[in-house]
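Per-chain residue numbering starts at 1, and chain names A, B and C are given in the order in which the chains are listed.
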Amino acid sequence: MGTVSRGAPSRGGSLAAERRQAYLLVAPAVAVLAAVALYPIGAALWLSLHRHIVVFHERSFLGFANYRFLLADARFWSALGHTAYFTVVAVSAELALGLPLALILHEARRGRGLLRALVLIPWAIPTVVAAKLWAWLLNPSYGLINRLLGGADINWLGHPVLALHTAIVVDAWKTTPFVAILLLAGLQGIPEDIYRAARVDGASSFRIFRSITLPLLRPALALALLFRTLDALRVFDAIYVLTEGGPANTTETLSLYAYKTLMRAGDFGYGATLSVVTFLCVALAAAALVRGLGRGWEEAR
Amino acid sequence: MLALLSAACQRGHSPGERARLVFKYQPLWGDPAPLREHLARFAAENPDLDLRVETLPNSTDLIHQFFLTALEGGDDSFDVLVADVTWIPEFARAGWIADLSDGFPPDGLRAAFLPGPTDAVVLGGRTFAVPWYVDVGLLYVRTDLTPRAPRTYDELRSFARAAMERHPSLAGYLWQGRQYEGLSCNVYEAIWGHGGQAPEVGRRILLDTAAARTGLLYLHDLIASGISPPLVTSAAEEETRRVFQDGRAVFMRNWPYAWAELQAAGSPVRGRVGIAPLPSLSGQPGPGTLGGWQLAVNAHAPPERRRAAARLIAHLTSPEANLLMALAYGRNPARRATYADARLRAQAPMIADLAPLVEHARPRPVTPYYQLFTDLLQGEFSAAISGIRTPEQALARAQRQVDRLIGWAP
Amino acid sequence: MRSRGRGLGYAVAVVALLTFFLGPFVWQVLTSLWPDDQLGRALPRSLTVGAYASVLGGRPFVRWIANSLAVAAATTALCLLIGTAAGFALAKLEFRGRRLLLGAALAISMFPPIATVSPLYLALRAVGLRDQLAGLVPPYATFALPMTLWILSSFFRQLPDELYQAARVDGCTPLLAFRKVLLPLAAPGLFTTAILVFIFSWNEFLYALTFLSSPEKRTVPVALSLLAGEHKEPWPEIAAASVVATLPLVALTILFQRRIVSGLTAGAVKG
């Protein structure tokens, strides 16, 4: 080291200097976020107040009429229901699978690096490719899954109820590694001495896990829960490739509905409204999660 | 960052440079050499142009999305673009594709090209695109399992059942029932086969007709009675093609592309497949849906480039080009005369046999509203064939939504 | 280290999980070697590399991978640089607007990307970055930054304050203390974030499709979407292409993973 710090002596001076340094450090992030995100989001908000059908060059200000229509739109409420159900089930499954996976990776002795890299493969494959991979596995006539089930004829992606659950399994397959790697990083942050001390005290593995590992893992769990929920609420690629929202819109999620409205119909106005409302739903979920997990954040140690 | 920006901002031509002409299309499956040579000939004949070719992904949705975003944003970085047959009214209404009536007068088009594609590109007496190649829905038949191709729906059902009884593991009739545009094609074919004109496009888009209800019911019953396996509700073209190619089905509705696959070396059904028009209620050949792609000119391009683009389109849709596309890529010609060409008959007889089928291919509703309501219809069609709603309910709902969409009121 | 005496149950769990997560990919590799006309069978009778020849022959795969690499590397570097600085400030320093920044960042990442495509397209055209690889980096960074900020700030907050204070008392500025003391300890978090941002940027499809048009600027996900014919879906070729496209990521992940291990041993010297 050997550098004499500036503004270190007095308490008040160091606080001001600290704040200045903080702003300096944070400025680039704020700049990038503002520069790129503000315009598109602002544009979307503005568009949502208009009737803007691109092909007809129709553009008229409607105020909140789009939102009023949305509240009465049965297809929106269906999409919301599907999205909520998808999120709850998928994220639960991912956390339930991700934790054991992270524990296994943490404990692995031989071939650690390779194992961890391999497990990351589902996450690394582009979503579209992963969905196509699963579409082939789930093919009613040729798919491995039906063959393993003894030549069963199950129409995984064409049955109204089964399709959504199949999509959930595919999503869980793809994103559990993401959860696992977050939890793994959290596990690696727990110092060894704590375990040693507990074992010296004669605690069983299960007790150690419950009383030490789990609480110390809370920040990582909270992060995983937060980001997975946000992503699941906006799921698009996998469902588009697997079912395109079918059959009969039973797997249509909010993002898919917004996509079809924006890019197929060219209805930029209502599409923007759907996007804004999707965003609001996600924001509400995030706020609820952050508030509920708020204790988990501060309680790092 | 700033250096990057400034370097990127340096665009534009210096005087004396060749004008750039950009052709955007989706890649054709097969050897790229023949098309490249054909384009090279155009480049050689037009030394003042720098021809560039850019490919798009092979998904209709993605291409539509790309063009929607780019053309709405006033993009002029490409000149000739491909357009699906249902997009022309939409793009023309939006003013994104140029009027080509000077280079391609409507009467000339009508005389040389097939009626279906011509109707899709000539709007209000003006030409907005030129057909590049066409597609038509047709019936594939296992000639070793049935005496002949069925002409009526009753024959389809009885032939299929007879074959299924002799070979219990067979599926009867495969078609595309997944919720996407392919389903709409199948449903329209069923409606037309039952004598309907739906959807009728006038002041109102009429969906809820007797023929439409019967057609949807027919499709639903195919699955319910077991003639079509449940997998059709998640099947697109390839899924049905593979099952049929494995010899596990008696009939299949698909596009002409499947023929080459079915007759390829190593195909289990090679030599045992025939094609026929779709059946209908009356026994007359049922119309197949018109598919295929057209070439249009980007209206945002400056006039000189638009003229050059029109020349490129003429080159790509010439009789010689039609023949090349058919022989090298299996793309069905849009020009009527090409089907009678002796070289086509010699080297690709199946395409030559398609002449009567493509002559009667019927386009989907030619309206700028098509993209707006096709999505609604797919959902309702899917609900009807899955049994979630009855055809009456599905069509009534669809009618309500479409009426509201185009602002029709009684 | 914890004892591994759980025996059978543990082994079963390991096998089950590995089968579930790796099985489909193994099947994908098998499919890529499967002759197309034998796809109807339960298992291939013979294997062929024809799909790889078709996919790699005559296609500039190396160029595509290079493009994806360039964009992903730039995005990751940018995010780490900005994110580390901001994450540290968010975790350890007192200033107003902490919550606001985290919340706003989260809000931005929550916005459905499809609604931003059209406005961003217009914006990029306006600054001349359309059809430039560099034009992808700002949008990617923007959508990856929130995750970066949250993960890094959480990691930094977990690091013991005492070390940091000790360094400050010894006469270091906050920045120096950060660099010399906390950064090495935060290595696991940094590399985790780096991997996640890299993979996100590598696999991003929507913006890459819309903002780039020249063939030589294609990135891998868009290039993969070009493989199918208009109706035909060549399964072995698609499988082969996806295997080739995933291998660089796997290789890079193995590299990163080793760094995480070294970060772990560095972090074990604590307290």
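Here, contacts are C-beta pairs under 8 Å (C-beta built on N, C-alpha and C of every residue); 3 or more make two chains touch, one makes a residue touch a chain.
Just so it is clear, the model here is predicted, and its values are computed rather than measured.
Student: Would you identify the shape of the chain contact graph, picking one of line, ring, star, complete or other?
Tutor: The chain contacts form a complete graph, every chain touching every other.
Student: Identify the chain pair joined by the greatest number of C-beta pairs in contact.
Tutor: The largest set of C-beta contacts joins the chains A-C.
Student: Measuring centre to centre with CA averages, how many angstrom lie between chain A and chain C?
Tutor: About 14 Å separates the centre of chain A from that of chain C.
Student: What whole-number Å value describes the gap between the mean CA coordinates of chain B and chain C?
Tutor: 38
Student: At least two partner chains per residue is the criterion; list those residues in chain B.
Tutor: Correct list: 65, 69, 72, 242, 246.
Student: If you look at chain A, which of its residues touch at least two other chains?
Tutor: In chain A, 142, 263 touch at least two other chains.
Student: Which residues belonging to chain C are in contact with no fewer than two other chains?
Tutor: Counting only residues that touch two or more other chains, chain C contributes 39-40, 118, 225.
Student: Enumerate the contact residues on chain A facing chain B in the complex.
Tutor: These residues of chain A touch chain B: 53-57, 75, 139-142, 153, 155-160, 163, 243-250, 252, 260, 263-267.
Student: Help me check something: in the complex, which residues belonging to chain B touch chain A?
Tutor: Touch list, chain B to chain A: 61, 64-65, 68-69, 72, 90-91, 93-95, 177-180, 229-235, 239, 242-243, 246, 248, 368, 371-372, 374-375, 378-380, 382-383, 386, 388-389.
Student: Which of the residues in chain C end up touching chain A in this complex?
Tutor: 1-4, 6, 13-14, 17-18, 20-22, 24-25, 27-28, 31, 39-40, 42, 78, 81-83, 85-86, 88-90, 93-96, 101, 104-112, 114-116, 118-120, 123, 138-139, 141-142, 145-147, 149-151, 154-155, 157-158, 160, 167-168, 170-176, 180, 188-189, 192, 195-196, 199, 202-203, 205, 220-221, 224-225, 235, 238-239, 242, 245-246, 249-250, 253-254, 257-258, 260-261, 263-264, 267-268, 270-271
Student: Can you tell me which positions in chain B touch chain C when the two form their complex?
Tutor: The contact residues of chain B facing chain C are 4-5, 8-9, 11, 24, 26-30, 32, 54-59, 62, 65-66, 69-70, 72-73, 75, 77-78, 237-238, 242, 245-246, 255, 257-258, 261, 264, 266-268.
Student: Which part of chain C faces chain B closely enough to touch in the complex?
Tutor: 37, 39-40, 58, 117-118, 121-122, 125, 127-132, 134-135, 209-210, 213-215, 222, 225-233
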